[in-house]
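The letters A, B, C and D name the chains in turn, as written, and every chain counts its residues from 1.
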Amino acid sequence: MEKLKSIIENTDTNLGKAFDLFIQTLILISICLYSIETFPEYRDGTPLFNIIEYVIVGIFTLEYILRIIVATSRPGFIFSIWGLIDLFAILPTYLSFGIFDLRFLRIYRLLRVIRIFKFGRYTRALDGLKKAIISIKEELIVFGFATLFMIYVSAAGIFIFEHEAQPEHFKSIFHSLWWAVVTLTSVGYGDVYPITAGGRVFTFFILMIGLGIVSIPTGLLASALTNQNKNS
Amino acid sequence: MEKLKSIIENTDTNLGKAFDLFIQTLILISICLYSIETFPEYRDGTPLFNIIEYVIVGIFTLEYILRIIVATSRPGFIFSIWGLIDLFAILPTYLSFGIFDLRFLRIYRLLRVIRIFKFGRYTRALDGLKKAIISIKEELIVFGFATLFMIYVSAAGIFIFEHEAQPEHFKSIFHSLWWAVVTLTSVGYGDVYPITAGGRVFTFFILMIGLGIVSIPTGLLASALTNQNKNS
Amino acid sequence: MEKLKSIIENTDTNLGKAFDLFIQTLILISICLYSIETFPEYRDGTPLFNIIEYVIVGIFTLEYILRIIVATSRPGFIFSIWGLIDLFAILPTYLSFGIFDLRFLRIYRLLRVIRIFKFGRYTRALDGLKKAIISIKEELIVFGFATLFMIYVSAAGIFIFEHEAQPEHFKSIFHSLWWAVVTLTSVGYGDVYPITAGGRVFTFFILMIGLGIVSIPTGLLASALTNQNKNS
Amino acid sequence: MEKLKSIIENTDTNLGKAFDLFIQTLILISICLYSIETFPEYRDGTPLFNIIEYVIVGIFTLEYILRIIVATSRPGFIFSIWGLIDLFAILPTYLSFGIFDLRFLRIYRLLRVIRIFKFGRYTRALDGLKKAIISIKEELIVFGFATLFMIYVSAAGIFIFEHEAQPEHFKSIFHSLWWAVVTLTSVGYGDVYPITAGGRVFTFFILMIGLGIVSIPTGLLASALTNQNKNS
């Protein structure tokens, strides 16, 4: 029992490493399959794909049960983030058994993508992301609100300037929010842009102030992640 | 009187916190209503929306009067930024009473968005923004002028190269300014772009020098805001 | 003579400050006029505009002569950057006198935009730009070459992948350079973009490596300018 | 022999400098020719271009042989990066002799672009790039995986939201990856963008988290390159 625990939860022993590598390979195969099945021609699955899928889900189920068995605190594991991810990684396939309507089947199948988060257990970066977010929680909240404030003010402003000139693109403030997000992150798809002189001058001012504010949460996250990596 | 003052102006007591939370909730409801009313189907308001609006304006008016009464210096409060925001948050609704032409009514209604700035009283970030701007005032002026200079030079240059090839997009330097802003902030909507070889080579040089200069005011603001947050 | 020199070249005295302010106002008026004249309806000038233009050029000519007279080293001033800018600021108007063909006249008139660089004498930022460029000259050359290298490699690569699928947009490597510049600065107008799978995978790798490299000269310039401002 | 070695491998002597400059000039001419030959009208080469090409390849072959002769360890040079680049810089031309089918000839000719990497021997920046990548190898791997993870999650998410509304643009997850790359690098060509409300809200969250994560490898590379340059 102790040995099983060390194999499943640690990577100190060779068997532990092999177990992790085995699970990681299965996740990768499963994600590849998932991606291929999004092609229109494979959308309903093929017999081969289904067999592989069922085998993998079977192994994942076994892994989930084993992890529950060896866990120090069983409810603690089941309701931890990793426990829930392990559960939701296998659930869609089991749920799809009970459904015969193909359309719903597809939606359940799509949820299998949650499986990629199983990788998170092995990635220092995702684990680091959680810690980084906690370490700058307060700043993130303050500047997160400032970003939302800035995006709302931009959307409301551009709505006032543009909704008469382009009623189809700036139909309401909710529609204008899309423009605000795309512009303030400097993505600029070009699907919506101001055409009136007032709207353009407003965009200039918003860009001068807004780019600075919107880049702060992003910059905070990037610097927190980099610092963390340096220290560990 | 002293107690009233402490409820309205401070958040030390439970009553003070409750008062702030109450006002914040009203602002949020008011902003949600404002946003929904920008949908074409709700643009003229509905009876329900109007009633909620009048109740909120009534409470805001009461809040404004109370703030004047308890203020240490009454003219000081009335002409402070927060005093003016409180006034302009209720004014559009009162002004709209005297107007029967629907079109003008709508424009007055749009001004109610000023209400969102009432949030500023509770947001450390907006308060920090003001302090951050003051702390880097001199640099902002110098690099703000450099940015304007860069944008003008870009617009004048692209006008010379492109106004014959694309007279509709680069009609005058004022029209070219829009291209300069969108390009130097790297938003790049794609509504205007150079098509001549000369214009493209010019764009290359402008991007190499300009991105660096235009990003300075934005970067200064971001770093000033982050530093401030760290110190406080 | 000494007094004239101090008025023209320094800003210590009130008269010196007034002289500078006077010249700056004239530059501003001149640039505004220049911008308005780019509107199609004013492109050939109006009598009023021409009169203002001639008066300003007259004063600029007087200023230029005075600056030559009071200069410590006359050839030194004439061939300095500011001396040449002062000369080229008035030259187009004098040259346009000898030309009766309207089209050429317009081109000469366009050169008047050089006048904006007269502002540079008064802007610390532009003066700082020169010093900043000198202080990071070596890095700029190394990373400038790396940027050109990166842009060329991107253009050559995308040409190989895309010129058969989109012969009109990726006609030659020179045409592909435009795509490379717009993509690596993350402007992304959307006038040219890869459509083949190979081109898109190549773009992914180019963006991962290239954004980092291309941002270095820009970042160096920005940090050099900011440091300089802090020290002075 | 010793003298020949010093001329070819070092730049201490005047002859060594002259040799390097000579080779660099030939690379530049060769790259210019290569670029011009990508124009449709020159795509099959012209007699003049072919003669210059053969002369340059002859000299590069001689250079390659000389470098092998003077190398301290001959196999060590042949299988070094620079040795392979020197070989692949001349190979396409030799291979093209045996081919009479014009289409294949063109593909072989395109491979000549590898010649530009011969410049790498003389550029500190490219040499620095290699060292910089090595110095931050571990961080690059961790955040490289985090970037791939982020891009995959974005693509899978947008596929779920958009593939019914825009089946031609979000045909499968592989097609959606292109959107994820273009959006998370904030290039935003505008060829694909979400149109459903769900997809747009998802894009907002992805941009807020993703811009920070995707910019880390790029930022790491930029800072490693800049630090290196400062120290050397």
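The working rule: a residue touches a chain if its C-beta (ideal position, glycine included) is under 8 Å from a C-beta of that chain, and two chains touch if they have at least 3 such contacts.
Keep in mind that what you see is a predicted model, and the values were worked out from it rather than measured.
S.K.: So which of B-D, A-C or A-D matches A-B, with over half of the contact pairs the same residue numbers?
M.R.: So the equivalent interface, with over half the same contact pairs, is A-D.
S.K.: At the interface of subunit B with subunit C, does the proportion of residue numbers present on both copies reach over half, so same, or stay under half, so different?
M.R.: Counting which numbers both chains contribute, under half are shared, so the two copies meet through different residues.
S.K.: Using just the Cα atoms, superpose subunit C onto subunit D and tell me the rotation angle to the nearest 5°.
M.R.: Between subunit C and subunit D, the superposition angle is 90 degrees.
S.K.: From the centre of subunit B, which chain's CA centre is farthest?
M.R.: Farthest from subunit B by mean C-alpha position: D.
S.K.: Using CA atom averages as chain centres, what separation in Å is found between subunit B and subunit C?
M.R.: Here subunit B and subunit C have centroids separated by 31 Å.
S.K.: In angstrom, rounded to a whole number, how far apart do the mean CA points of subunit A and subunit C lie?
M.R.: For subunit A versus subunit C, the centre distance works out to 44 Å.
S.K.: Among the residues of subunit D, which are close enough to touch at least two other chains?
M.R.: Correct list: 186-190, 219-220.
S.K.: Residues of subunit A touching subunit D in their complex?
M.R.: 31, 34-36, 38-40, 110, 113, 116, 119, 123-126, 128-129, 144, 147, 178, 181-182, 185-191, 217-222, 225-226, 229
S.K.: Could you please specify the touching residues of subunit C with respect to subunit D in the complex?
M.R.: Within the complex, subunit C touches subunit D at residues 139, 142-143, 145-146, 149, 152-153, 156-157, 159-160, 163, 167, 171-174, 183, 186-190, 193, 200, 203-204, 207-209, 211-213, 215-216, 219-220.
S.K.: If you look only at subunit C, which of its residues touch subunit A in the complex?
M.R.: The touching residues are 186-190.
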